[in-house]
Amino acid sequence: MSNDPIRIVVTGGTFDKHYDEIRGELTFKESHLPEILKLTRVTVPVEIEQDQLIDSLQMQDANRRSILEACSRAKESRIIVTHGTDTMAETARVLGPVGLEKTIVLTGAMIPYKIMGSDALFNFGTAFTAVQLLPKGVWIVMNGRVFQWDKVRKNKALGVFEEIA
Amino acid sequence: MSNDPIRIVVTGGTFDKHYDEIRGELTFKESHLPEILKLTRVTVPVEIEQDQLIDSLQMQDANRRSILEACSRAKESRIIVTHGTDTMAETARVLGPVGLEKTIVLTGAMIPYKIMGSDALFNFGTAFTAVQLLPKGVWIVMNGRVFQWDKVRKNKALGVFEEIA
Amino acid sequence: MSNDPIRIVVTGGTFDKHYDEIRGELTFKESHLPEILKLTRVTVPVEIEQDQLIDSLQMQDANRRSILEACSRAKESRIIVTHGTDTMAETARVLGPVGLEKTIVLTGAMIPYKIMGSDALFNFGTAFTAVQLLPKGVWIVMNGRVFQWDKVRKNKALGVFEEIA
Amino acid sequence: MSNDPIRIVVTGGTFDKHYDEIRGELTFKESHLPEILKLTRVTVPVEIEQDQLIDSLQMQDANRRSILEACSRAKESRIIVTHGTDTMAETARVLGPVGLEKTIVLTGAMIPYKIMGSDALFNFGTAFTAVQLLPKGVWIVMNGRVFQWDKVRKNKALGVFEEIA
């Protein structure tokens, strides 16, 4: 199988939230991706790029442009974007129509990596092989499913992603 | 994307090892797959089948035949086999030549699910999308990579899977 | 040594915070104390009483009265109160002057039990033997130290409890 | 309350077992005590001394003498010994009759610190305040209880410590 290098564009989201014990709240400090990569023991070459660390509900146009630029200038043709779930589909709709000659997979987590019972490691795993196996295009991989960028929304009441016609 | 049901054939291995505090050793009790499935929040239909709970170093021909039979009689065409890493490639070599009309992915873990820093959730994630995206055949998915059943071995000194010519 | 039963009066606080993945925030659901008690394998008889589940910054006089009443009517003479750290010293100053003929130990956590790297289990352990070994009175046990109820404050900048003259 | 420094004499045991993913077994690498001390956020001065890293079933007379010497030469008068549970009572019976003018508390764990559901942090917490509050002598603190060195045994069938007459 292909052993192409993978770029991981980190944008924050629940995936990377950190508990600040002085302020008593979930916030961002630094990405957990370097720590996660070590434990996964992956042998595929990986480049981590911290684009931003932000709750996706706070994202403005400029934030999404920054993600698009990161994907655009990447020399790798396989890119994982870690992203908050609340506006992941929105960002996918910014990246999708551009038609970059790359496979871009957005994923995230419903529960932060550092909290017991988190889905972060599993989701990152699903994205990690999906980005190697999917054709060029923009995809969301959540809940163990692969969605096309223009056929997906987050069902906020249930906390799962679902296909739309 | 396809939303075909996935069968998970559990055979044990490090993935599912459990610490027995009375005997003071790692052994098997029951599979963690049902617990894991809950936290992954997958929306793809999944069927778990506990075929055996065994260290793969203990596996005899009968154990591998049992796995083959489980794959063979499965009504699902997408199957994940959780398996000890030490003889995973051997089992793949039993399943591969049979040429079942199914996509079968073997995966496992270097560190038990219940131990901090485990690769189990990540590996299970990598297998979970790989089994949906790969063509029919038998595959090993470990270290974030996809291997054909006849082109892979475990490098026991390094603890990683590698491609062979 | 004495094997007197211990009452645990649960009031919430960071110790017991739970991540609500639908709302994306830390809140309360149910106390983790029953789960914690199982893993501690304690052989001292313990009674858990959920008095309230609240962030201690939200506590009003009525909340502290409720804690006092719980301690007062308890048939056990050894009581642990799990409590948010922000106003733990305030509650201690409500309980202390009453002079109940009981040993009452308040403890809590800087990081929720469910978050990796939490101090909750350690702190609960420190309170568990302290309540058995201290004389009657009201005490705060945090940061591995025992404080008299009227000689302690939380240093909010450092996130530690310290003695005051 | 006293703020005397505490010495922690590390001897290994289940508490400190580490999973070696190459050999696929629980063994020792380095003590987790430095990492644990950080997360406990203790403000009492603590000195960690790694005396040995051994399964207590393997302990010979020389190992117990080494523990006794560590306790004997310690300048601190409050000492915690982390120890395997299987022969903890035996070591206590070596230390007890010597009658050092110190408070010595032995503790350990039934489940390694690194395994989910471990009792290690709780037990260490119980020992941490017990060593500050108990009079001079040798004690075992396990299962949330304080035992005199000559009145305790491990019930290996149940996996708990119990008092003997």
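We call the chains A, B, C and D, going by the order they appear; numbering starts again at 1 in every chain.
Going forward, contacts are C-beta pairs under 8 Å (C-beta built on N, C-alpha and C of every residue); 3 or more make two chains touch, one makes a residue touch a chain.
Keep in mind the model is a prediction, meaning the values are calculated, not measured.
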{"item": "Centroid-based (C-alpha) most distant chain relative to chain D", "value": "A"}
{"item": "Chain centre separation (chain A, chain D; CA means) in Å", "value": "44"}
{"item": "Centroid spacing, where centroids are CA-atom means, of chain C and chain D in whole angstrom", "value": "25"}
{"item": "Of all residues in chain D, the ones touching two or more other chains", "value": "110-111, 116-117, 159"}
{"item": "Interchain contacts, given as pairs of chains that touch", "value": "A-B, A-C, B-D, C-D"}
{"item": "Chain B residues touching chain A - in the complex, by the definition given at the top", "value": "1, 3, 36, 39-44, 110-111, 117-119, 121-130, 132-134, 141, 143-148, 159-162"}
{"item": "Partner chain A, residues of chain C touching it in the complex", "value": "14, 19, 21-22, 24-26, 86, 110-112, 114-117, 156-159"}
